[in-house]
Amino acid sequence: MSYLQVVDTLQSIADGVLFGATYSLLGIGFTLVFGVMHKINLSYAAASIGAAYASLIILSVVKAPAIFIFLLAGIAGGIIGGAIYFVCFRFIPQANPLATLMSTVGALLLIDEIIVHATVGIPVPYPALFSDVIVNAGPFTLRGDLMFMFALGCLSMLLLLGLLYRTKLGLATRAVSQQPAAAQLCGISIPRVNGLTFVITGAVGGIAGAMIGAAIGVLSPLLSLPLTTKGLIVTVIGGLGSIPGAIIAGLLVGGFENLFQYFRGVTERDLYVMLLLFAFLVFRPGGIFSPAAGRN
Amino acid sequence: MDFYLGLAQIVGVHTLLGLSAYCVLLTGQVSLAQAGFFAIGAYVAAMLTVLAGWHIAPALAAASFVAGATACVIGFPALRVKGLMLVVATLAFGEAVRLFFFNFDYQVAKGEVKIGPAGGEGFRQIRFFPENGWSTLDVLMFIWLFVALVMAALWWMDRSRAGAVLRAVGEDEVAAQSAGINVTAVKVAAMTVGGLIAGLGGGIFAHYTAHIEHAQFGVALATFAIAYPILGGLSSVFGTLIAVVFVQGFLIEGLRFLGDWRNLLFGGLILLAMNVRPRGLIDAATIAAIKRMRIRNREPGNARTQGVE
Amino acid sequence: MLELKGLSKHFGGVRAVDGLDLNVPRGEVFGLIGPNGSGKSTVVNLVCGLFPVTAGQVLLRNEDITELASHVRVARGVSRTFQNIRLFGQLSVWQNLWVAQNAIEHRSESFLRRWLGGPGRAREEIDRILEFSDLSGKRDELAGNLAFGEQRRLELARAIVAKPALLLLDEPAAGMNAEEIDQLDARIRKLKQDGLTVLLIEHHMELVMAVTDRIAVLNFGQKIAEGTPDEVQTNRLVQEAYLGVAEAA
């Protein structure tokens, strides 16, 4: 490979890793819900995009500077997350995983259709911050918007980890994920913890949705299914229930995705991402950081 | 009238798709790969009738076999992946199949025209039915013949020991193992049968739509595949059939009454259904009640002594 | 019938079973007792194949079954019940027994008959077991809807459907009242009469002393005593294990 090709390859990996911060956030959302409730919320990516749409609406009403849109998306995401907990999980018996899975599918369809109706099916432009900022580091160019996204993603992850490991709510969440019965006996309200988990992951998802919108420049309901797939893949590669795993897996998938795209083009790119997942499933089914397996 | 015949065709094919997921779901494996096996069946059957000139019956048999064999191969690594990870793994497999066909180009020149699967454009001109003079009614009866056969087979299985064993594995693998059941064999067998049925459905689908492309076999179809048995209830094959009739009827026929809002309401309806009846439309309690009604009707004199259980 | 040689199971640092040697003669009812956490249930899980051993051997009729999968061991003649009842709640009582027909005689039937045949052929055999377990009237009832005592009886019934030579009972009397325990006692004696070998894990001392021929006592994964019920009852080590050592005055 020539020098230029090496540079281009590294460039595409770097860009991919920066974008991968988005996947990390989505992966965290999926994995946190799984860790606490042992359920998958299939509507998560759609809800994140929905929160991004909502932030646009709120921004046009509130007329704040564009940078606040991420905060708004986070708030919208949290509200949507709480609503999803209420309709999909609160009243369905937890012993029935098929029913809750199906209900999240219903929620996904509902959110997608609401978006389609509200936007009449036309993709909507999203403020792309710092898109004109380019930093040159030697032969590499670092896009300002990607770097901002990455920084925002890191900030969100730090806030989330702080919440989980330094607050009482976080402690309660971790208790419920490990031993729900014992946690209840200690006075922890499981529905409240579960609901709050959804609100928190919803907020994280909202930020992720806004980040995606900012990176691509457009929002469209067609994003939700591919993002759901990618998010789930990140979750599995990282290890179901492991947040550090989701973080690393997100960056990994982002980097590899761009790498595949550079070598094989857009149409074949996703196929290789699937193969990456299968490779993990075959050689390391627990994921990067499989949480400790208990006794039988 | 043709509209309703068309609707009946869709219901038939989707019932096969739903039944393929029903088999696998009984063993406790949630598989989003059924759309992938469906796609394999579609492309294989279509290529055999269009490119190799086969009659549709052997083409369907071959398509079913290939899909079933793929399912069997997938079944083994799927064992290593438990619970919800299986959902993701099968989802990825289904997507991989779709992406494969997205990139699959195998065109053969017939005269001056090129026919065959053309990557993103899909596979056009699958014209076995019109070329051989089949009317819409003929096709409809053909579809429902298979649906009836598959439903009868699965209904029989449910009453036999195989059905009970499948469900036992789905309920408690450890207890099943300890009772002497070879859980591995049962799960792979269920996956294989699911693949066979999905392949059959896909092959039929390719021929009555005459044009297939990768986008039809995506996550949406995979989700519908498991939605039917879940919504209909896993206690009976008829639940799946009723769910298909309702869903497809609602989505297609509902266009008339609800217009564009039908998709919105569909999502809401699923939410409502799962909250109100999490075990599906026909669950074990319903079947028990039906049985009691039939016993009561058969022995009218004993109605009083039966009592309420 | 059953021989354990140097059987060990370690979970990380915890030695649940530590170098256990045991010999259960054919046709005996053999008790396995010990304080909580002494490894009794683990022994059952090792013998029936749910856990892989860390070291040692499990021999059934002098044949090494240590590496065999669970369902294969059932065909060889090992059956078990669970301490926490693990029935197939959504299946009927009849179906719970039907799926357990996995003895070698059953497997040698033709594939079609065994898997796709209707309930007719198996009726006689299962009906007999239903009667033995006093569940004849509940044949079509969903297992999850049974009363606790009935579930315990079904758990035992399911274990004997596969015509075992060795029956492992994991705390079968837990949660039973006196009358139910008497019935359990009678059933175990009847099974012994029919030639079964029984390994009984129990906390209920009256039952153990009444129905067993010999007893082994475990503590911290090791055997600390073995003998007839009388011998074990008066053994000082056993008393210390259960009650603790008296403080020197």
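Just so it is clear, A, B and C label the chains in written order, and each chain counts residues from 1 on its own.
In the analysis below, contacts are C-beta pairs under 8 Å (C-beta built on N, C-alpha and C of every residue); 3 or more make two chains touch, one makes a residue touch a chain.
Not measured: the values here are computed from a predicted model.
Q: Name the chain with the Cα centroid closest to the overall protein Cα centroid.
A: B
Q: Sort the other chains by how far their Cα centres are from that of subunit A and give me the top one.
A: So the farthest one, by centre of C-alpha atoms, is C.
Q: Between subunit B and subunit C, what is the gap in Å from one C-alpha centre to the other?
A: The computed centroid separation for subunit B versus subunit C comes out at 42 Å.
Q: Compute the distance, rounded to whole Å, between the mean C-alpha positions of subunit A and subunit B.
A: So the centroids are 31 Å from each other.
Q: So the centre of each chain is just the mean of its C-alpha atoms; given that, what is the distance between subunit A and subunit C in Å?
A: Here the centre of subunit C sits 48 Å away from the centre of subunit A.
Q: Would you give the residues of subunit C that are in contact with at least 2 other chains, written as numbers and ranges?
A: Within subunit C, residues 50 contact more than one other chain.
Q: Spell out, as numbers or ranges, the residues of subunit B touching 2 or more other chains.
A: In subunit B, the residues touching two or more other chains are 174.
Q: At which residue positions does subunit A touch at least two other chains?
A: In subunit A, 296 touch at least two other chains.
Q: If we count contacts the way the header does, which residues on subunit C are in touch with subunit B in the complex?
A: Listed in rising order, the residues are 48-50, 69-71, 74-75, 79-80, 82, 86-91, 95-96, 98-103, 114-119, 122, 140, 142, 158-159, 161-162.
Q: Hey, which residues of subunit B end up touching subunit C in the complex?
A: Within the complex, subunit B touches subunit C at residues 156-157, 159-162, 164-165, 167-168, 171-172, 174-183, 284, 288, 291.
Q: Going by the contact rule at the top, pick out the subunit B residues touching subunit A in the complex.
A: 25, 30, 77, 80-81, 83-85, 87-89, 91-93, 95-96, 99-100, 102-103, 120, 174, 218-220, 223, 226-227, 230-231, 234, 260-261, 263-264, 266-271, 273-275, 278-279
Q: Touching residues of subunit A toward subunit B in the complex: what are they?
A: Touching subunit B from subunit A are residues 34, 38-40, 87-88, 91-93, 96-103, 105-114, 116-117, 225, 228-229, 232-233, 235-236, 240, 267-268, 270-271, 274-275, 277-278, 281-282, 285, 296.
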